Amino acid sequence: MSQGIRDRAVEIRRTFHRYPEPSWREFLTTSRLVDELEALGVDELHVGSDVLVSESRMSVPDDAVLEDWFEKARANGAREDVLEKTKGGHTGVVAVVNKGDGPVLGLRVDIDALPRPESTDESHYPNQEGFRSENDGAMHACGHDSHMTMGLGTIEAIQQSDFSGTLKVFFQPAEEVLGGGKPMSESPLVDDVEALLAVHIGLDHPSGEVVAGSDKPLAVRQSRVTFTGESAHAGLAPNEGRNVMQAIGTAIQNLYAIPRHRDGLTRVNVGWADVGEATNVIADDGELGIEIRAETNELLDYMNEKVERTLRAAADMHDVEVETELLSIAPREDSDEAAVDAVATAAEGVEGVTSVVRRADFGASEDATYLMQAVKENGGIAAFPIIGTDHPGGHHTATFDVNEEDIFVGIDVLSGALLELETRI
Amino acid sequence: MSQGIRDRAVEIRRTFHRYPEPSWREFLTTSRLVDELEALGVDELHVGSDVLVSESRMSVPDDAVLEDWFEKARANGAREDVLEKTKGGHTGVVAVVNKGDGPVLGLRVDIDALPRPESTDESHYPNQEGFRSENDGAMHACGHDSHMTMGLGTIEAIQQSDFSGTLKVFFQPAEEVLGGGKPMSESPLVDDVEALLAVHIGLDHPSGEVVAGSDKPLAVRQSRVTFTGESAHAGLAPNEGRNVMQAIGTAIQNLYAIPRHRDGLTRVNVGWADVGEATNVIADDGELGIEIRAETNELLDYMNEKVERTLRAAADMHDVEVETELLSIAPREDSDEAAVDAVATAAEGVEGVTSVVRRADFGASEDATYLMQAVKENGGIAAFPIIGTDHPGGHHTATFDVNEEDIFVGIDVLSGALLELETRI
Amino acid sequence: MSQGIRDRAVEIRRTFHRYPEPSWREFLTTSRLVDELEALGVDELHVGSDVLVSESRMSVPDDAVLEDWFEKARANGAREDVLEKTKGGHTGVVAVVNKGDGPVLGLRVDIDALPRPESTDESHYPNQEGFRSENDGAMHACGHDSHMTMGLGTIEAIQQSDFSGTLKVFFQPAEEVLGGGKPMSESPLVDDVEALLAVHIGLDHPSGEVVAGSDKPLAVRQSRVTFTGESAHAGLAPNEGRNVMQAIGTAIQNLYAIPRHRDGLTRVNVGWADVGEATNVIADDGELGIEIRAETNELLDYMNEKVERTLRAAADMHDVEVETELLSIAPREDSDEAAVDAVATAAEGVEGVTSVVRRADFGASEDATYLMQAVKENGGIAAFPIIGTDHPGGHHTATFDVNEEDIFVGIDVLSGALLELETRI
Amino acid sequence: MSQGIRDRAVEIRRTFHRYPEPSWREFLTTSRLVDELEALGVDELHVGSDVLVSESRMSVPDDAVLEDWFEKARANGAREDVLEKTKGGHTGVVAVVNKGDGPVLGLRVDIDALPRPESTDESHYPNQEGFRSENDGAMHACGHDSHMTMGLGTIEAIQQSDFSGTLKVFFQPAEEVLGGGKPMSESPLVDDVEALLAVHIGLDHPSGEVVAGSDKPLAVRQSRVTFTGESAHAGLAPNEGRNVMQAIGTAIQNLYAIPRHRDGLTRVNVGWADVGEATNVIADDGELGIEIRAETNELLDYMNEKVERTLRAAADMHDVEVETELLSIAPREDSDEAAVDAVATAAEGVEGVTSVVRRADFGASEDATYLMQAVKENGGIAAFPIIGTDHPGGHHTATFDVNEEDIFVGIDVLSGALLELETRI
């Protein structure tokens, strides 16, 4: 990689870093991606509402919130044609490079930031170098700025290589809320992909280490549950109410008591509750935030069925209504051995790589698994490599940062792996 | 009342006291009643299965228990024709006295004893006089021996009077389990009764005091609830069970939390639970004993509906089945003013009566209310007088006893009240 | 009463109506009361922090809220000397009229409004006559504007009468949150009162009807309960949390299941809950709003002890902390017969009174009972008359209003009753 | 092994099989073991109360039950000296063979039967051969008759070998209730053991297969929990009770909701409940049977602490008392690699062994782990081999049986492994 290419990559990453946009609000981010992809001269560009199934989006913010960020993006120079395509929270891009009749390969990178402030500490590198977040209360604290840069760099590398198939790069929105993987996985653009790589930087792996395929992200499902009853004067006529508070007390008790399963680890949590309004009134509405996780997709189904049964029975018991809104969901998908081998082989030869780990547990949840699942269901294979980096603060903290050298490692590993995969499929 | 009649009444009462028989086991008691009623020369006698609707009986003991008492009655001289009629727990008698075309009046007395031992203390009068219970573990500890004697004495008094209507006396079984009132109230013999008196002795009212009409017996309903699930090895595969223990925990919590009602007092109790068998097995069956009480029949319906909803939802929540068996039930019925007035008027003139209280709260539950309800639904009236007596031990205790003089007061009040009622209807 | 006095009373009432101030925010109200009382020439005036025990105040709003209303009052012309005395939510006035060595009598009227918008309907009389609320979101929807007017009118009537004792009128703040009665009842100004009247208008009694003494306001206690635990990642390490959500589920279930009491009606409600923040985090804090009510003060103590036990055990069970903050409290106090008789006697002679009811159930809670309790504990007597009025909308609704004629009835009944009480004590 | 020795072993096993004795009732079994061990001429014999810490015994039956079996053993010819030593449920034997200054090795076999009837089916081999259980309702349905025979045979083989250390064989009572391992592990006889083998037959491993060391028996703890409150009339005065039923409902709900743990599998079960007596009485006593299991001993401690906290808080909440009685307990202990290797090496050379599995999960709980733990804490090593056998019915079923040839395999494997261990320690 030439120093020029490297300098350009660093500049691109820092610009993304300065304008972090949380889930479904990546308006300026999408616009800049389109700019860069046009500059690279990709063969096809699919933008915003063209790259995901709108109804499948989850955890989309209120219109007022979307509107705020939309106008902020416009003020910061977002292109009107892109704004038009992404309006109402339809962010993301898919870029296609056609170089021949070879296999169709895919790469998925995520693009959203987190709704948290960035450190103002002098020792924080983005601070020192002047590319700290300019969007107050938002920060690229999980490395998605690096992921986008790797995606662009990999396209350039493949363009310059003798690759003779098709490469599709999926710039996916809303990973942090696990809300964008599913709608993008349902896009027809995924259908013909024969091998897919996703990628993550860091995750407590040091610079120089590459994990060829991560496994065991817990399957996860989050939902907002709304109960509706009937209020009554608690002192005069408690019997005239249909008491949401009692339904919720019953639900909480029984949700945590869902039986453990012989086949593996399961989790359930009621993370928040917001019920009723006045001390002297029987509560007639209330909401719960519920999360389940499981070691396998089957166990997640088991937990979900039990949660639904429990909520329904708790509502019935107190004669109230209940509705569940899905907030986010991601299945467990492990890396395929064939894809892992291709990544490992490629990584061995990359400058700066000192240790290649074939497999490691992912340790958290990720909705790239939706795209992996879609590819596998169509007969393809997938792997989820991790590019190690020495990050000073932990993921999602105010002082998270990456070693920019590792972005180049990522580009080399990914492009090398794609070339390996071309020969094996 | 002549001394001869008095002596005869005391002898009858003491014989009943010596052979107490608990609910639905009053085989010898029924036989002796038939003997006495035949001796009195009543006009009609309806026995056992002819005086109640068999399917409506509640809390009938197991066949083995019934058989034991049946044979004990036979051994103690019960008549074969009566045994034939009462077999399988169909006890009780209705006696009819026809004296002309006047109104049809009714009197209800209960006949069963309690399954508890009688005191062996020297100061206990039945002990001193040699008429303590000869049926171990059973005792007339609530005065029903006196009630039967009053019933017989009242018949004799009416026969000797110038009463010109019809008198029906209902000797009702199984009051202590609130299991006999309903099936007897459904007998066609009740249909033409225009005014009904029930009677109780004692209840903390002293000798000399008569309550013309008691009110506010709490409506009550008791049931046995059976849950059925599926067992599983609790260590290896807890998820394979359908856990009755969890359903029962949920049910208990929510039953006690049924909302209080604006219209008056309600009660709920889970008195006993018997669930599962082995510590390391998911419980697949369990039973609960549930009681509800309420100030009115409408409130009892409210509580019953809530109990049923709660049980059903608790079962649904843990995917188990639930069934409810009614054990006993009695409505609330208050005394009618017209009937109360007749009793009060009669009581004023009775020797030994020093205080007439028009109305007092009953303070417990009673299934005479079923007969009162039936009479009222047919347009009739009813009252439930209490004949005070100085009882040394409380009701249902080992040293309960009555002052036998008060039995004569009872006969005079009841027969006087019936004559009053004849003139008023 | 002259037409001039009447016109003046109506004008006063309407001015109060135009500037409603919710509990503890009655800054302008207090200032106007001081103006009127000075104009009447009362003998003593005790203002704001001088009339209540500051630490006993409950449900005082946040400083920011107080500050807002404070500045609004200043802008609307509140006097600086009164603002100084009432700063920080120390509202209310006590006026004293000394006319001789006769008995010390008291009258309590409440002065706060409700935080609810007033109707903009054309048929709403205050709208037609131009005295609708000018404080958006606040309204005199419970008649306290009339009560203040009655208080002022009664002072004037007593001044003009041959009354020869002392009259103290307690203009009490924060009745709507049951937060002002207790702190004012602890003021030494109450100590020498020998007979106290409180008063309410309306409450579904029609114009022309006067209730001499209301009874059976339910004793009530409201509190905010705060649980504090420890958060943890719900997917990775649920065992590391100390889960407030589980403590709250357990508390809700068991609070509603506090046993009913043999001695009378009890109530418990968990009206609102606000727990946790994120779906995937074990909740480490949460709040509940709890209300208990009871037929007697002893039953309220019973319920409170059970609530405290339940909360403590629910917290212990999940290893979290719990604290309770009292929001409001009022005991039950019934009217004394001697005081009721004085009111009834006076009411009989008042023009416009067509029906005098000696006693009626109050039907709601009120913290005038704290002042009544204090007077009774010092050997005095108290009654709580109701002055009927045809109110178009219900209390606390947007269209509540009173018939202003009934304010004059109130003044006549109260001043007449005070004169009666003077002769009887 | 000579045919004579084999025949003798089969005869011994069948005699044990004919007289099965459940936990703590192994009076005749102990007597017969003493007979056989004396016949073998072991160097030391420790019997009954000398081989376990009496106070640490768990799940000892009632005196009446013990007495029954004690007399039955006497009637079947148990020796008086052994009866004296084992009186009151102090069963078991430890035999010591001293052959020189070499290492002290141990072997643990269990001796109790199950309280379940044996099959009367014609196809059941013990039936055909006439050695079916003669103790009605008891059966050697888990192979402990074979274990004892292996213990005796191993002693004989070691006596005849050139082994030059000390062998201690622990014939442990009450394994089926997990009640005997702990008290025997606390005997000083265990203190100097440098390497210990335990052994089990079958467990779904076929004849010819030997597992050198089993792992991962779940740690387990069972207890009986007793709640004591105060009864009251549920209709008249529910507030006067201290309600055990509510405490138990609360406990059940919260026990199942003990948080899952990041470090591994946990289990909790409430297997049975027996609460209260009468439907109309507030329950004043009740019992629960609780089991916890866990993947590690630390996790069992975690669960136990949570169970205790939950029970205490549930009792506090309803003002009742609670006590816990330990019924059974066993830790998890895995096999040490050094000991596994010795067993595997020995097994390779044994006639009849067709497959040697180094390690397998045990799949159930076992209290041999207490003895393994004690040896390890003293610096020793331990392994728990499984000797496969084709058993027609499952363990604990009426048709369980073993292929007697596999007993000889067991003797060869165990004695061979002990000789291997001698050389390695």
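A, B, C and D are the chain letters, set down in written order, and residue numbers restart from 1 in every chain.
Rule of thumb we're sticking to: a contact is a pair of C-beta atoms (placed from the backbone, for glycine too) under 8 Å apart; a residue touches a chain by one contact, two chains touch by 3 or more.
This is a predicted model, so every value here is computed, not measured.
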Between C-D and A-C, which chain pair is linked by more C-beta pairs in contact? A-C
Which chain lies the greatest distance away from chain D when centres are computed from Cα atoms alone? C
Can you give the whole-Å distance between the Cα centres of chain A and chain C? 54
Distance from chain C to chain B - Cα centre to Cα centre, in angstrom: 51
Counting in whole Å, what is the centre-to-centre distance of chain C and chain D, each centre being its mean C-alpha position? 71
Of all the residues in chain C, which ones touch at least 2 other chains? 236, 238, 246, 250, 253-254, 256-257, 259-260, 267
Provide the residue numbers of chain B that touch chain D in the complex, in ascending order. 218, 220, 222, 234-236, 238, 245-246, 248-253, 256, 267, 269-283, 286, 289-291, 293, 327, 363-365
Within the complex, which stretch of chain B touches chain A? 236-241, 243, 246, 250, 253-254, 257, 259-263, 302, 309-310, 312-314, 316-317, 319
Which residues of chain C touch chain B in the complex? 253-254, 256-257, 259-260, 265-267
